[in-house]
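Before I ask anything, here is the structure I am working with.
Here the chain labels run A, B, C and D in written order, and each chain numbers its own residues starting at 1.
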Amino acid sequence: MHTNTHQNQPEAADATPLQRRFDEVRQLTERLTESLSAEDQNLQSMPDASPAKWHLAHTSWFFETFLLKEFAPDYRWYDEAYCYLFNSYYNGIGPQYKRARRGLISRPGADEVLAYRRHVDAGISRLLQDLSPSRRQTIAGLLELGLNHEQQHQELLLTDLKHALWHNPQFPAYRNTGPVTAVAAPLQWQEFDAGLVRIGHDGNGFAFDNETPRHKVWLQPWRLASRPVTNGEYLEFIEAGGYSDPLLWLSDGWMWREQESVELPLYWVSDESEGWQEFTLGGLKALDREAPVAHLSYYEATAYATWAGKRLPTEAEWEAAAQGQPVDGNLLDLDCLHPRAAPSTGAMDQLFGDVWEWTSSSYSPYPGFSPAAGAVGEYNGKFMVNQMVLKGGSCVTPAGHIRPGYRNFFPPSARWQFSGLRLADNIQ
Amino acid sequence: MHTNTHQNQPEAADATPLQRRFDEVRQLTERLTESLSAEDQNLQSMPDASPAKWHLAHTSWFFETFLLKEFAPDYRWYDEAYCYLFNSYYNGIGPQYKRARRGLISRPGADEVLAYRRHVDAGISRLLQDLSPSRRQTIAGLLELGLNHEQQHQELLLTDLKHALWHNPQFPAYRNTGPVTAVAAPLQWQEFDAGLVRIGHDGNGFAFDNETPRHKVWLQPWRLASRPVTNGEYLEFIEAGGYSDPLLWLSDGWMWREQESVELPLYWVSDESEGWQEFTLGGLKALDREAPVAHLSYYEATAYATWAGKRLPTEAEWEAAAQGQPVDGNLLDLDCLHPRAAPSTGAMDQLFGDVWEWTSSSYSPYPGFSPAAGAVGEYNGKFMVNQMVLKGGSCVTPAGHIRPGYRNFFPPSARWQFSGLRLADNIQ
Amino acid sequence: MHTNTHQNQPEAADATPLQRRFDEVRQLTERLTESLSAEDQNLQSMPDASPAKWHLAHTSWFFETFLLKEFAPDYRWYDEAYCYLFNSYYNGIGPQYKRARRGLISRPGADEVLAYRRHVDAGISRLLQDLSPSRRQTIAGLLELGLNHEQQHQELLLTDLKHALWHNPQFPAYRNTGPVTAVAAPLQWQEFDAGLVRIGHDGNGFAFDNETPRHKVWLQPWRLASRPVTNGEYLEFIEAGGYSDPLLWLSDGWMWREQESVELPLYWVSDESEGWQEFTLGGLKALDREAPVAHLSYYEATAYATWAGKRLPTEAEWEAAAQGQPVDGNLLDLDCLHPRAAPSTGAMDQLFGDVWEWTSSSYSPYPGFSPAAGAVGEYNGKFMVNQMVLKGGSCVTPAGHIRPGYRNFFPPSARWQFSGLRLADNIQ
Amino acid sequence: MHTNTHQNQPEAADATPLQRRFDEVRQLTERLTESLSAEDQNLQSMPDASPAKWHLAHTSWFFETFLLKEFAPDYRWYDEAYCYLFNSYYNGIGPQYKRARRGLISRPGADEVLAYRRHVDAGISRLLQDLSPSRRQTIAGLLELGLNHEQQHQELLLTDLKHALWHNPQFPAYRNTGPVTAVAAPLQWQEFDAGLVRIGHDGNGFAFDNETPRHKVWLQPWRLASRPVTNGEYLEFIEAGGYSDPLLWLSDGWMWREQESVELPLYWVSDESEGWQEFTLGGLKALDREAPVAHLSYYEATAYATWAGKRLPTEAEWEAAAQGQPVDGNLLDLDCLHPRAAPSTGAMDQLFGDVWEWTSSSYSPYPGFSPAAGAVGEYNGKFMVNQMVLKGGSCVTPAGHIRPGYRNFFPPSARWQFSGLRLADNIQ
């Protein structure tokens, strides 16, 4: 967690706006689940994905553990069992219920988890009312961390749920979504000169600890595609035999493809009578060839790029290109819930929203990085191996939660996120 | 399925008693689940166990598939997806949803499954009202099969649920159960002479196809313990190092024990301050040393018997001893939901109810066995390998569903059923 | 081990014939390996199979452990490490080197293992020369057990080696074998009446403990095919889609088939230009449609029998039919090393040799069975679960090592032995 | 493969020195195996490790495939089966025998593989004699690649063999090695200023393609330890509970540690009577506390660094510090075969030899990297994911095969190489 951001914004620690923001974020999480049955909320389709109910509870546990237990006078755990059940991976706090079994917890039920949320909400409100000046900064910083944490889980709640519903052969919709008819803009290339760039958190607003410290990187000249690769373009790769030519793939990628019998992006369905279809949060739909391709693993993204004679950008190249660009797009607030084509603006398009873009950079500490102090130091740093960085947010990333320096990260085989790619190239 | 039983009972095909019996069995299933939340009903803790909701639906699917679809005029599937989702293993009917994923089906929800049950119930009622004489026997036979099938699932519903609740670290109770204070009767031995005995279905009442044909078996003289082994006796085996001496175990059993790190019967908890405890359908309780030991694998049962210098009975020995004994005991209708000690009657005690008793007989076809005709022929015969026979029913077996010739069967490593043992011995 | 056999043969304990028999068996083992390189002898292709070198050493360890260490005055281990490396599964003797890693032992090398054999041979010779009358019976009994043990390993040595060579894409031959041109006799059915039969060791000659005690079994009338199923007959099953119809298979068998992608008997190769071929100890050969089909799992054998509208015999049916038949056939001494057709004798043909015949009987203790006393008691009894009995020996079973009561046993998925089947049927 | 290196060394393409160097490298490989039995040479203890015999053959296959088959007139494969058996991972050449099964190939035997080597050696000699000027550069470049390839396999041959011998409970020695009594120099810290550095191949001499192109990297000021961490220092970490505190470990590292039950570096043995011991190529020895710690995974190396309050260096930091340093040390030519302490030179010590040093840099393409053309392009590039870079060579790296820019790479869990660490730190 990065707290120096608040030194420039002392008014941020005033209780009222904090309370307002807290309410907004918390309410959004519940709105995302209000159409779901108790059974829907308890589904867990793989160890990496958690039930919606668990997300509802865990985000509350975060506030309870790092704020109420620390700063609320005489606070006692709402339920000691929750401290075990809803601790994700904080060994500094205590042991955790086995991740792969989160779907086996029917009790507490959905209603009990909502009651837990109410209890934590009330506790936070009291805490904000009694903010002593000495703790104001610390508490405001942790609260902001908790809210960003909850926003991350809003996205995961939707992608985890999508993965679970996918296992139902009836392909049920999370929510009805409308038709999309936009056409992809022609692909353009933008060139960037060599030089020393600065990447990482610039000190304005919130950032996670993994975005710090801001530092210099030397870049060779590079080019970047104006928009992500589309479903239609990816289909060409498939039809050209991309999934059967090992020379296009990283060695680990080819092994993964063979072991998992991967022949299509996740959620694609090839139906004899219906043609290409795609499972979306709105149910099964005809594949939109104009929309950015999503649900690719890093392995598929690199195989496509190799086939196209290009490469993925590095994190620094992507971030340097994104600095100064408007941070908007098809994010969660548009409620589209799926990537879609966008008109060209003449510059870099769709950097934010639609799909997370795989970079060729492994998720490593920035020079001089040190994790936040205390148990929240486990938030990011301990995952800095075996993962690749993704940039830009997706159609289910909450608005306000994304920025050029934001570092998302997943193992190269992961594809249940809305993960796609944008091509890059060298300039000789 | 064995239908000649009805030749002696033509009145069994009269609609009214059939309807009454149908209603009783169907209602019991629902009473077993009425205290459960929708989330409870959707839990699946391992591939071998199914969610309660799935049991509710599958038992209805059985009537729909083998009765309504076959005999109700112009019957159409309630929902074609159900035919796939709730088919357990009948390849003759069609493909099946993957067993290990039954807990991933949130839709249909619990209410929708109850509506499905209502629909099937109504269909069966109509079918019974219009019974043509020519089909009366066939339909009555299949209905009786369906009801016995549903009774099997009543037991599985409870043992599967117990296994699921066990994964909740709060050890929630399915239902409050009272204290038990009975004392085990002293162990006596009853002797039996050599000779030709007849085992298998004697033609009275219903039997599964696997209990036929009745046939002769030559038995050497044998002795049988008057009651099952108790928790207290099993504790002596534990304390004597039974779980650490490979010479007491079958070779496969020892490998299983090492791989699974088994050191106690399933559901036993050794707590420093509380002593020996056991998870029951009524929650965590102090271990009752007088009650029959339960939740043993065949491997544990044989290791205990070896340690005790005895052996398990064969299926034929057990059945010969049980013929003519009263078929009652601690069965589901007593609502005890856990094994308990019983006073001595001076003869063979607790043959029925309390715990299923492992025999040393593998589950094989009887001489002359042939599976029932049609798709129901997959009911039993195809499982006749890699399983051992258990006899006598348990505390969650519905009354009326057990008899001396009943053949239950599970792989030797299974222990989530109420499975215990009764000792046998040779007479030199 | 069963020693009462020797009560009728006191001269068997005379040293000279024992020494002669010892030499013959030991020399045969070495002849079987003399054409193999040191690398050949160290191959291990799966945990269930052992390197030839390990067989050479383990059979010597058996004599060293159960004879020299017990009875030779002041005997000290040849090498204490061998006691660990070459103990197969005798927990009563001590811990064992991990079975799956036997192929990782390059030292001792092949020459060192031969030296170990020489040392044990010399020790046994000395022991036999000094036989005190009081120990004569015991030692002669254990020696006979050790020789039968070594004969079992002669067969395993060849089947394990065949499995290892199969992994070499060049399909190397163990030894050149000649062409076979025999034609299968027409299949006849022989009928047997109901009645009490006696099976198990009749007291003449050596038998393993698992063949005792002799006991009565009641049999219904049955029919038995005059010869095993041939490759040509099995091919009809394949061509009729036998490997793609789950209704023909046991449930576990179908799962096994799917998991292992089994579509042919082990060692069969379908080659576009060459047609059907089979890997043999003589290398890759054209499939001989007249020869008995071999290398089937129990699952395949039962699927074939179901498809043919028949069943497998029980162990007792097979043994009753074999009693009094001449014990000869295509055994190891003919050096054919592969099953082959045989002319009809007008009675039961090919009961002995060619292929082990799967029975429908699980491997269980006979009534009154008790394992031999001491550590050799682990020889057989602890394997009496999850295995099926096979009868009759194969083309690599040493002559003199087979008899009607002999009980071989393997898990139902095993097929690296020469395992085939003979059909049986009920007589209504 | 990088061939521009030869533009500055035209005389390198002269046949005689090339032949001499070829002979030297080839002979060293055979000297490394000459003390091994055929069985030793065929051991494979895990899929990642190959038998020594396979290394002998594969390195010859490399010359045969990329030189003889390409450039020798009318060359025909020595044995087509070898092309399949000894192709490691070149999909561009053809399919490959399954990696995990290399230990199952007894034929060709050790002698046949030596004959294959002789054949390839003779072919290369003829090729070098007839070098046409037009192909001289290409062939000299590929030959140099093949020799560097063979040197890599010299190291792997020894580390793979060590891993295999470790599975023998007798802990056999590969070769007798003498005692070592050196004392570790005191640990000093050397500081480096911020700035743009250039890393990657500088154009002098041979380099693999993954070392190119040379490029600029901006570095923050950093400090580097003067020598690697010693066994004694690592023992302090163990005794302080380093293996039981998850807060010191990367999340994946902790999971790895738990799954594999890792509590010590690979090859360490804690013996009650003997104390700490270590398995070496010279057999089991007392642990030398002064020597650099070896056989650590990346996870262990980072846990140690975290415990020490330091970090691992990045690849660029390490390489910048190593540029200009003398490239010598405890390499294979010293025949020590194990890391050992070295006296201080007052500067950076033991950068080369002793142990490969884990860096915190994932193995990624350098900016502008493109794989060598043709099938040899699979050499390096396709492994650029899920691996970390190691620098500096080890005690079994051939002299002349290491340089500051050399990039070794292994997955973070690998520890059968001589892998250790050197600490780094930030300068605030």
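Everything below uses one rule, namely that a residue touches a chain if its C-beta (ideal position, glycine included) is under 8 Å from a C-beta of that chain, and two chains touch if they have at least 3 such contacts.
Keep in mind the model is a prediction, meaning the values are calculated, not measured.
Shared contact partners of chain A and chain D are absent. For B-C, the equivalent interface among the listed pairs A-B, C-D or A-D is A-D, as over half of the contact pairs agree by residue number. Each chain gets a centre from the mean of its Cα atoms; the one farthest from the centre of chain C is A. Each chain gets a centre from the mean of its Cα atoms; for chain C and chain D, those two points are 47 Å apart. Chain A and chain C have Cα centroids lying 60 Å from one another.
Chain contacts: chain D has no residue touching two or more partner chains.
Every residue of chain A that touches chain B in the complex is listed here, in rising order: 37-43, 45, 53, 81, 84-85, 97, 101, 103-107, 109-110, 164-165, 167-170, 172. Contact residues of chain A toward chain D in the complex are 89, 91-92, 196, 215-220, 246-247, 249-253, 298-299, 302, 311, 314, 360-362, 364-365, 367-368, 378, 382-386, 388, 412, 426.
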